[in-house]
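Input: structures, listed below.
Across the two complexes that follow, chain A remains constant while its partner is chain B and subsequently chain C.
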Partner chain A sequence: MGQFLSRHRILLPIFSLSVLLAATFYMQPRAMSYFGINLLFNLAVPIALATVAQMMIMMVNDIDLSLGTFVSLVACVTATFLNDSPLLGVLILAALILTYAGMGAVIHALDLPAIVVTLGMSFVWGGLALFVLPSPGGSSPDWLRALMTVKPPLVPMAVAASVLIALVTHLLIIRSGIGTVLRGVGGNARSVARAGWPVARLKALAYGLSGLFGVFAGMTLVGLTTSADANIALRYTLLSIAGVILGGGEFIGGKVSPVGAVIGALTLALAASFLSFMRLSPDWQIGAQGAILILVLTARLIFARRENTTG
Partner chain B sequence: MQQVISRPWIWSWLAAAATFAMTTALTEGSGAGALAYAALSFGAFAAIVGLGQMLVITLGPGNVDLSIPAVMTLSGTLALKAMGSEPDTAMLGLGVAILVGLGTGAANFALIYALRLPPIVATLAASLVYQSIAIWSNRGLRIKPPAGLADFATGRIFGVPNVALVGLVLAIVVWVALERSVWGRWLLASGQNMRAARLAGVPVEMVRASAYVTVTAFAAVAGYLLASFSGGAALNMGQDYLLMSIAVVVIGGTSIAGGFSNVPGVWGAALFMFLVVSMLNSYGAGAGVRMILTGLIIIGIVIAASTRRASK
Partner chain C sequence: MQQSAFENDAPIVALTEVVKHFGAVRALDGVDLEIRPGECLGLVGHNGAGKSTLVNVVNGGVSPTAGTVAFPASGAPEALSAGVRSVFQELSLCPNLTVAENLRISHSGLRGPGWRRPARAEIRQSLDAVFPGHGIDANATVDTLSIAERQMVEIAIGFAPRGTEARLVILDEPTSSLDAGIAEQLLRHIRHFCESGGAVIFISHMLGEVFDVASRILVMKDGKVVADRTVGGFTRQGLVDAMGHVATDERQDPRGKAHAFGKEVVHTSQGLSARRGEVVGLSGLAGHGQARALARLYLDATSSWRPTGKPRMVFVAGDRTRDGILPLWSILRNASISILSETAKWGLVDRDAETSAAAEWKRRIGIRTEDVTNPVLSLSGGNQQKVLFARALASAAPVVVMDDPMRGVDVGTKQDVYAIIRAEAANGRTFLWYSTETEEVCRCDRVFVFRNGEISAELTGADITEERILEASFEMQEA
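Presenting the complex of A and B:
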């Protein structure tokens, strides 16, 4: 029964994405092409990577309010150091990932509230980003630009990359042994500790993975936009939380779904494209995005009720 | 003495006093009055939204209102539109602002209760809708507040800014409600253990609803005052107050795990957050350095507070 329901959970994000996609194609049949789909999901790859990064933190029962500023900082580093002197750029990005892992270790060791520590870190990342790039500019490394504009056969880049991200994170978090233990930290950290696992190191690993995917998100974003500024990805904090929840994840209990999170991110990216097709007045674009979010989450309720009555 | 030190709110006040001393030390005491006046004025807005956020955070983990900036913008915009710069309409504007606060709070809680959404996601999604309504009704117009109201918002009584007095009155009201009323006991009990509170006969859902309506009502009042203070409503006027509202609550000594509120600490932290920026400013720090140090100081205070808790 448990397995049946866990299969059920993934159906909801798939269903909402399909409905939204069908509605988009109905409104604009010409979008139903290689080029059209590429355009629809244009910015989906960095959002999907940021959502996976947020999922790593939510997996261990924490929440990251600094992700948007972190991705912005990575974008600034990518558009400057990584472009001008690649070795230094790689070293800086590696240091950022290590800082993230260290943040996880400190949060666990001192038993600090993650929501406040990441809030403080968001100021630090934002300040560093201003330091690196005081005014918008920089340019994307050529290889990154080439990677993000590659045109694979059959399916567009954004879709192929999303499938790849979903597959890799699914293998890492759901299928692998270490992924199972990491989810166990979110489920019951004490029993994981009693079973002899070093919880501090596991939390550092989860945060480190989040930093890694945050770095990927910032790099791919620069590959798409070709330049950066210190505020480029601020909305990713909230988008990534919404994406994880849309994908069937929970705030507590280590209940996350990497495939769901990627689909949730695609849904959010598509919602923005869908609204521009609707020729909605720009005043209402943001509000309509909120309404879509509420609508999709309402569908979650129906599933939750069903679980209660059948389970 | 021991009792005073063990009060969680004392730390935010000590931090505020230290930053105040360090700033005035640089100017050798001149401008201390002006600095205190500015801190009270700007701190008042952070304190008012912080008081509301504190009530919600007291409800326990996962309870945070992310719609504060959108509610501030919406209430400021609609109130100024209703008043239309006409004289003697300040009360009408306040009424509109409070209605906006009550309406958005009720809508937020409806999403949380009826749709069982996690509060973080519910208030986030709703705030997008509020932001849209504000954009639609604002249309880029900058309506001036009525002259009398603008004078009140920027004025002072006995050398204390009027907005700070409003913030002080609201703080006292919240303190009395928390410490001396049944509702306050209910709120703290719900935050400590919602299940136990429910079994003990506390009307938990009613308490949660009242907290979520209070936070938006306070945000609406803050938005109304801020728009009058700064000579008009702007669409981004609330954006600083999302992180600010959470920061002042936590620095003020309220437990992020819920169940413990701390009213005086919110005011101390609100003053501190303003003073730390002006201190870094007067030491000539650039925008980047200022942000980095602000972040590190927030984390430092949280670490200090947690080690103090652990050593007891």
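Presenting the complex of A and C:
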């Protein structure tokens, strides 16, 4: 059993999400509809993208503490420049992605701790966001709004988008050759370097991918909320780390699962709704969310331990 | 193409007057070397003699300070495209990837959709060729494999064609974590590989293997080549002398006199026991539960919530990067961590006691460094291992648990450590010593042989022979 679970690490995240979903439907049967599910998971789409962004960084043994402010900055740029003068907006977003890639290269080349660099960068992003949008406002580009409110047949947009994100990142990170090499950087950077790979460039690629998904997260967030504010996504930093871990990822060793990360993000989004349905006062909600997180991680630890003693 | 390379006999790699400095240290001091197709070069020398640096110059890992490295046979500009492959002593696979994915890391020709199938086929083929009957799944994640299996995978990746072909494979202590049967398979494959026109650089501290497989032996000492002859030109004794160590083979039998051991200090439900002043060996094929038995014993004895003041046991790790060395600390700190609580005053570290203990053990065990405050990673592997011995022996703990501690340690160091172990045992310390080298186990007072996680035999006195140990390791498997 333990060995089975360790080989299929994805099962525990799926199980946690199913249990939470079942509990939610039990408490609020009306949520069990096209419209209800879309409402439940709507805000999960940007969280899922942010989680994937965080996963790219954790894949190469680093951690990104600036992701929340970065997504906020992207949201501000999207609600202002991208709406008013699309070309300039696209250029700014592309520059942000390149900055992220550069950050990865610098972290590797100077052997800096990512946790410090990204913490410092979070203030830069936060300051820029305030500079772009000093007070809440702006508006979403119409096409983005239309994209986020599209009603596909059979499954709601939120679910379709999550599946799409999971599929694309799975192909990119798990199946493709370059994704395998990127995970190898997390597993044993020295052996990758010895095989003739430029590790600095690989790290830049991982950070660049993280920036790309961070940009997607900010854009989809604006598409949902229709306006932005400099603090709109601050909690994404910790949510995304929690999502990666919930999804079966590890802090070090290049052990990540894109599908798991998306599921983890959905679980986190659902946990918030579930707690509202329980009529829990918002004061307690963050604490309760933490409790759910601890519960799932404990379960994982127990399984991992059992596997070590039996396997 | 292989054949033509064989016939025109151009060297695969040619080094001329290669010098390499690391700061003030001359790691290589003017080395000339040519390796031709069909040769198996045994490279020997004690730790710090410059073997690793030489290998790294050949495979392009470091560029020489002076001199040239050329690849005449292939005409390639650098080692990777010249077909030079390295299998390193410290396991260097990506543990989070599968066996086949690890091949992908070093085989950039595998690309495009569907690269997994050829990757699996290639690694499977290579594993089958080197280690018939290996039983390793190409889809298994590396961290689910045992150390021996990982080493096998690494060797198989080294010999895999990977788009071009392997012309020169460098094997650095390839058998250190393999048991005798698997090691023999490897040696057989090396011979076969060289007969068909490949070349191998074989580094090993097990001189028997070197004599067995090498066609030519290169002896290094202090960054220089001190002898370079065909294998027939050496005797075992001559080789040891050339390396610059005192003759080792006349093994004075420490078990000669009947020891009076003290009372039993260790006893486990598994049947493992040890008395005061005894050196107890754990043997058997690699990976048959010896390391786990020691780990369980040690953790049971030391994992208490309440600090007990005096430690009952100390541990010497064999896998030093995983559970030995504290890589960011100095040599001094690495060695003294075991005595901190014993010497502490009011909970504060006694710096003087720390310094004097480190200085004493640097002298007693011969750690090769100018200054013990240097970072521990500045030492060579064998010397790092000495630091771990110093750490364990400096503490007052009556029981020392050793998990294959001599992995990759040179002959001279081994002799020093054997002597220290004997001296400490005479002072009443107990040693539990797991080793993959039968010769080491034969130095023990009592030996437990493990098979499939259980003790299959307990040998004492004159019964401790290689034959009896092998018998007990295999016995039931044949039935």
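Going forward, the second predicted complex is superposed on the first by the 303 of 311 C-alpha atoms of A that agree within 3 Å, B and C clash if a C-alpha of one lies under 4 Å from a C-alpha of the other, contacts with A are read in each partner's own complex, and residues count from 1 in each chain.
As a convention for this text, contacts are C-beta pairs under 8 Å (C-beta built on N, C-alpha and C of every residue); 3 or more make two chains touch, one makes a residue touch a chain.
Computed from a predicted model, the values in this text were never measured in an experiment.
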Per the contact definition in the header, classify A:V116: touching chain B only (first), chain C only (second), both, or neither.
first
Applying the document's definition of touch, where does A:A288 land relative to chain B and chain C: first, second, both, or neither?
first
For A:F131, decide between first (touching chain B), second (touching chain C), both and neither.
first
For A:M278, decide between first (touching chain B), second (touching chain C), both and neither.
neither
Where does A:T180 make contact in the superposed view: on chain B (first), on chain C (second), on both, or on neither?
second
Check whether A:G196 is in contact with chain B, with chain C, with both or with neither, and answer first, second, both or neither.
second
Chain A residues touched - chain C or chain B, whichever exceeds
B
Examine A:V19 and indicate which partner it touches, taking first as chain B and second as chain C; both and neither are also allowed.
neither
Is A:K255 in contact with chain B, with chain C, with both, or with neither (first, second, both, neither)?
second
Using the touch definition up top, name the residues of chain C that touch chain A in the complex.
61, 80, 86, 88, 92-97, 101-102, 104-106, 108, 110-112, 115-116, 144
Show me the residue ranges of chain A that touch chain B in the complex, using the header's touch definition.
63, 65, 110-113, 115-117, 119-131, 134, 238, 241-242, 245, 251-252, 281, 283-291, 293-294, 297-298, 301, 304
Residues of chain A touching chain C in the complex:
6, 175, 177, 180-181, 183-184, 186-188, 190-192, 194-197, 253-255, 311
Spell out the part of chain B that touches chain A in their complex, as residue ranges.
61-62, 64, 66, 111, 115-118, 120-122, 124-133, 135-136, 243, 246-247, 250, 256-257, 286-299, 302-303, 306-307, 310
